[in-house]
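Chain lettering (A, B, C and D) follows the sequence in which the chains are written, and residue indices restart at 1 in each chain.
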Amino acid sequence: MTTGRAQAFSDGVFAVAITVLVFGLRPTGPGSLAHQLLHAWPQYFAYVVSFLTIGIMWMNHHTMLAHVTRVDRPLLVLNLLLLLGIVAIPFPTALVADHLRDQGATAATVTYGLVMIAISIGFGGLWVYVATHASALGAAVPTEALRRSILGFNGGLLAYVAGTAIAFVSALAALIIFGALAVYYLFEHLPSPVTETGPDSADD
Amino acid sequence: MTTGRAQAFSDGVFAVAITVLVFGLRPTGPGSLAHQLLHAWPQYFAYVVSFLTIGIMWMNHHTMLAHVTRVDRPLLVLNLLLLLGIVAIPFPTALVADHLRDQGATAATVTYGLVMIAISIGFGGLWVYVATHASALGAAVPTEALRRSILGFNGGLLAYVAGTAIAFVSALAALIIFGALAVYYLFEHLPSPVTETGPDSADD
Amino acid sequence: MTTGRAQAFSDGVFAVAITVLVFGLRPTGPGSLAHQLLHAWPQYFAYVVSFLTIGIMWMNHHTMLAHVTRVDRPLLVLNLLLLLGIVAIPFPTALVADHLRDQGATAATVTYGLVMIAISIGFGGLWVYVATHASALGAAVPTEALRRSILGFNGGLLAYVAGTAIAFVSALAALIIFGALAVYYLFEHLPSPVTETGPDSADD
Amino acid sequence: MTTGRAQAFSDGVFAVAITVLVFGLRPTGPGSLAHQLLHAWPQYFAYVVSFLTIGIMWMNHHTMLAHVTRVDRPLLVLNLLLLLGIVAIPFPTALVADHLRDQGATAATVTYGLVMIAISIGFGGLWVYVATHASALGAAVPTEALRRSILGFNGGLLAYVAGTAIAFVSALAALIIFGALAVYYLFEHLPSPVTETGPDSADD
C-alpha cells in the first residue's frame, strides 16, 4: 500500500473525530436558554482543548508519515492502534464537559488523561518503528534529529502522566495542562522530512 | 506539508460538518406526525441556511488555499482555528431550530451570530496571512484584487455583527440576514487564483 | 476549481450521509431484545433502500461529473443544492423506520418521496447545466445519448411523483417503489464519458 | 470510473464507520461516574473488537482493489453491498456493549455474528468477481495465490458461523472469537498485488 492511501484513510478518521466533537455542545440544566449557554463553559473549554489536540496530532501524524515513502503491514497496524486512541477522544471530552463541576470531575479528567497517555504511547510506537525500519520504509531521518524527537516524545508522555496525576487534586488544573500540552506539541514537533526542507526550513 | 493534504483534511472536515446538520431534523412536539412535520419549519430553515453557509464557505476556503503552492505551520494553525468555528456551526443551528419560536430565540440566534463572527475573523486572519506571506507561500495575488477582497471581508464581518445585534430585536430577521449573507459571499468572493483564470474568468 | 476537488468534497458528503444511516438502527419497543430486533424490520428495510439509493446516486453523480473537465461557480452551486437533498436522506429514512407501522406512515413516506423528488430535480438541473454548457466545461456528450438520458431523468422523476402519490394509499407499497427506483437508476444510467469508453464500453 | 475514486469513496465510508464507534462509549447505570466507567468494560471490549475488525477489513479491502486497474458497474455494486455490511457494524457493536451482561446477550451477539457473516460473504463475492473477471479488470493474480486466498475466505466464513453458533451458549466466548478473527485476517490476508511486490515482499 502506498503512503498516500494510508494517509488519506488516517486523514478521514482525524477529520471525522475532530468534527464529532460538536456533539458535546448542547444546552443542559435548568434556567433560560441564555443561562444554560452561559453556564456551559466547561463544554466550550473541553471542545477547544480536544479540537486543538486532535488538530495538532493530525499535523504531527502527517509529518511522521511524510518521512516514509512506503508502508508495510506492521506500520499499518501500529497506525491503526494509534487511531484507536484518537477516535476515542470525543468520549472523555464529553465526560469532562458534563462532569467538570460535579463529583465526577476526577473520574472524567483521569479518563481523559489515560486516553492521552495511550495516544502518546501510540505515537511513540509508530515513530520508533519508523526510526528502526527507516531504510526498509524509504525514510531518511538524521540521527541527531531522531534523538531529539524521542526525547520530546518522552517529555510529552511524562507531562500527560503528571497531568493525569494532578487530576486527582484539581480536574480543572489537569485540563489546563492538557490544553498546554497541545500547544507544546505545536512547537516541539518532529523534524521535517528532508524532501520538504528548503532555504526557509529552519523555522518551519 | 503540501497544500493538497491540508485541503484534503479541510475538505473532510467541511464534508462531515455539513452532513451532520441532518441530525437537527427530527419531529418533536405534540400532535400527529404530519402536524409535527408541518410545524417544524424552523428546523428546515436553519438546515438550509447553515447548509448553504458551510457549502459556500467551503468554496471560498478552496479559492483561498488555491492561491498558495505550499503551506507552513502558522498557516496550518490559522486554518485549524478557522475549522474550529466551522465545525461548531451545527451547534447554534440546532439551537435556532429548537428555539426560534420560544423565549430562547434571542439567545439561540445571538449564539449563531457569534459563531459566524468568529468564523469571519478566522477567514480574515487566514487571508491576511496569505497576503502578507505571499512570496514565501508561492502565492501570486494582484494587489488591487487583494485590497478589494479585504474590503469585502470587512463588509461581511460588519454585516454579521449587525445581524447579531438585530437578533436582540427579531430572531427571525437575524436568521434571514444570515441566509442572505451566505448568498452574498457566493457572489462577492475572492479573486480567482491566477493559475485558474482563462478567457472566461471574468464571470467565474 | 478542478473537477477533482469538487468530486472529492462530494464523495466525502456521500460517504458520511450513507454511513450515518446506521443511526436509524436501534432496538425499540417492549419485549426481549430478540423480540425487539425481529420486529424492527422496517428499520432494516428503510436502511437497505436508502443505502442503495445513496450508493447508486453516488455512482451516477460520478458519471455526471466525469463528463466535465473543469467546474465553474454555477455548477458548484447546483451541485451544492443537490447535496442539500442527499444529506437530508437519513431524516425521512428515520421517519419511515419509526412510523411504517403506525398512523404516521403516510406522513413519513410522503416526506421520503418529497426528498427524492427534490433530489431528482437537483440531478436534472445539474445535468441540464452540464449539457447546455458542455463546451465551456470541456464536456463531450453525444447529442443522442444526451436526449436519451434526459428522457430517463424525466421518467425517474415521474416515478418518484407516482410513488409519493401512492404513499397516501399504502406506505409500504411506496417504499417498495422507492427501492425499485434505486435499482432502476442502477441500469438506466447516464452515458459513460467518452474518455472512459473502450472496446467493452457497450455494457459498462 | 477509475479504481482510485471507488477506493476514495470506500475509504471515506470505512473512516466514518470506524469513527462513529465512539458513540457506543458513554457512562450508564447507577453509582458514581468512576463506578460507571469501571463497570462499562463491555463497551470498551466491543469498541476495540469492532475497531480492529473494521480497520483490518479496510486493509484487506485495499489489497483486494489494488489488484484491479479499473472498475465496472457490477464490481461497484458488489462493493456497495459489502459496504452495506461494513456500515452496519456500529449497530451490533452497540447492542453487545449494552447487553453483554443482561438477558439480551445472546440476541446481541448473534446479531453481531450475522452481520459478520454477511460481510464475509460480501468480501467473498467481491473477490470471486475480481478473480473471474481478472483480465477485463486489468488484474493479475497468480492462480496458486488465488486458490489459497479462497480457502482462507472459506475458513474465515466458517469461523464466523461457528462463533455465531457459540453465541447461543456464551456471548462472551463468541465476542472473543470475533476479536480473534480480526487478528486472523490480519495475518491470513490476500496475496499482495504484483505491482507492490519487491525483494522484501515475502513477509509484507
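As a working rule, a contact is a pair of C-beta atoms (placed from the backbone, for glycine too) under 8 Å apart; a residue touches a chain by one contact, two chains touch by 3 or more.
The model shown is predicted, which means the values in this text are computed figures rather than measured ones.
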(request) Look at both sides of the chain A and chain B contact and report whether the same residue positions are involved, with over half shared, or different ones. (result) different
(request) With chain centres defined as mean CA positions, report which chain is farthest from chain D. (result) B
(request) List the centre-to-centre spacing of chain A and chain C in whole Å, with centres computed as mean CA coordinates. (result) 37
(message) Averaging over Cα atoms per chain, report the distance between chain C and chain D in Å.
(response) 26
(message) Where in chain C do residues touch at least two different other chains?
(response) 8, 12, 15-16, 20
(request) Using the touch rule from the top, collect the residues of chain C that touch chain D in their complex. (result) 7-8, 11-12, 14-16, 18-23, 25-27, 32-34, 37, 47-48, 51-52, 55-56, 58-59, 62-63, 66, 186, 189, 196, 200, 204
(message) Please output the residues of chain D touching chain C within their complex, sorted ascending.
(response) 1, 5, 8-9, 12-13, 15-17, 20, 72-73, 76-77, 80, 83-84, 87-88, 90-91, 94-95, 99, 103-104, 106-108, 111, 136
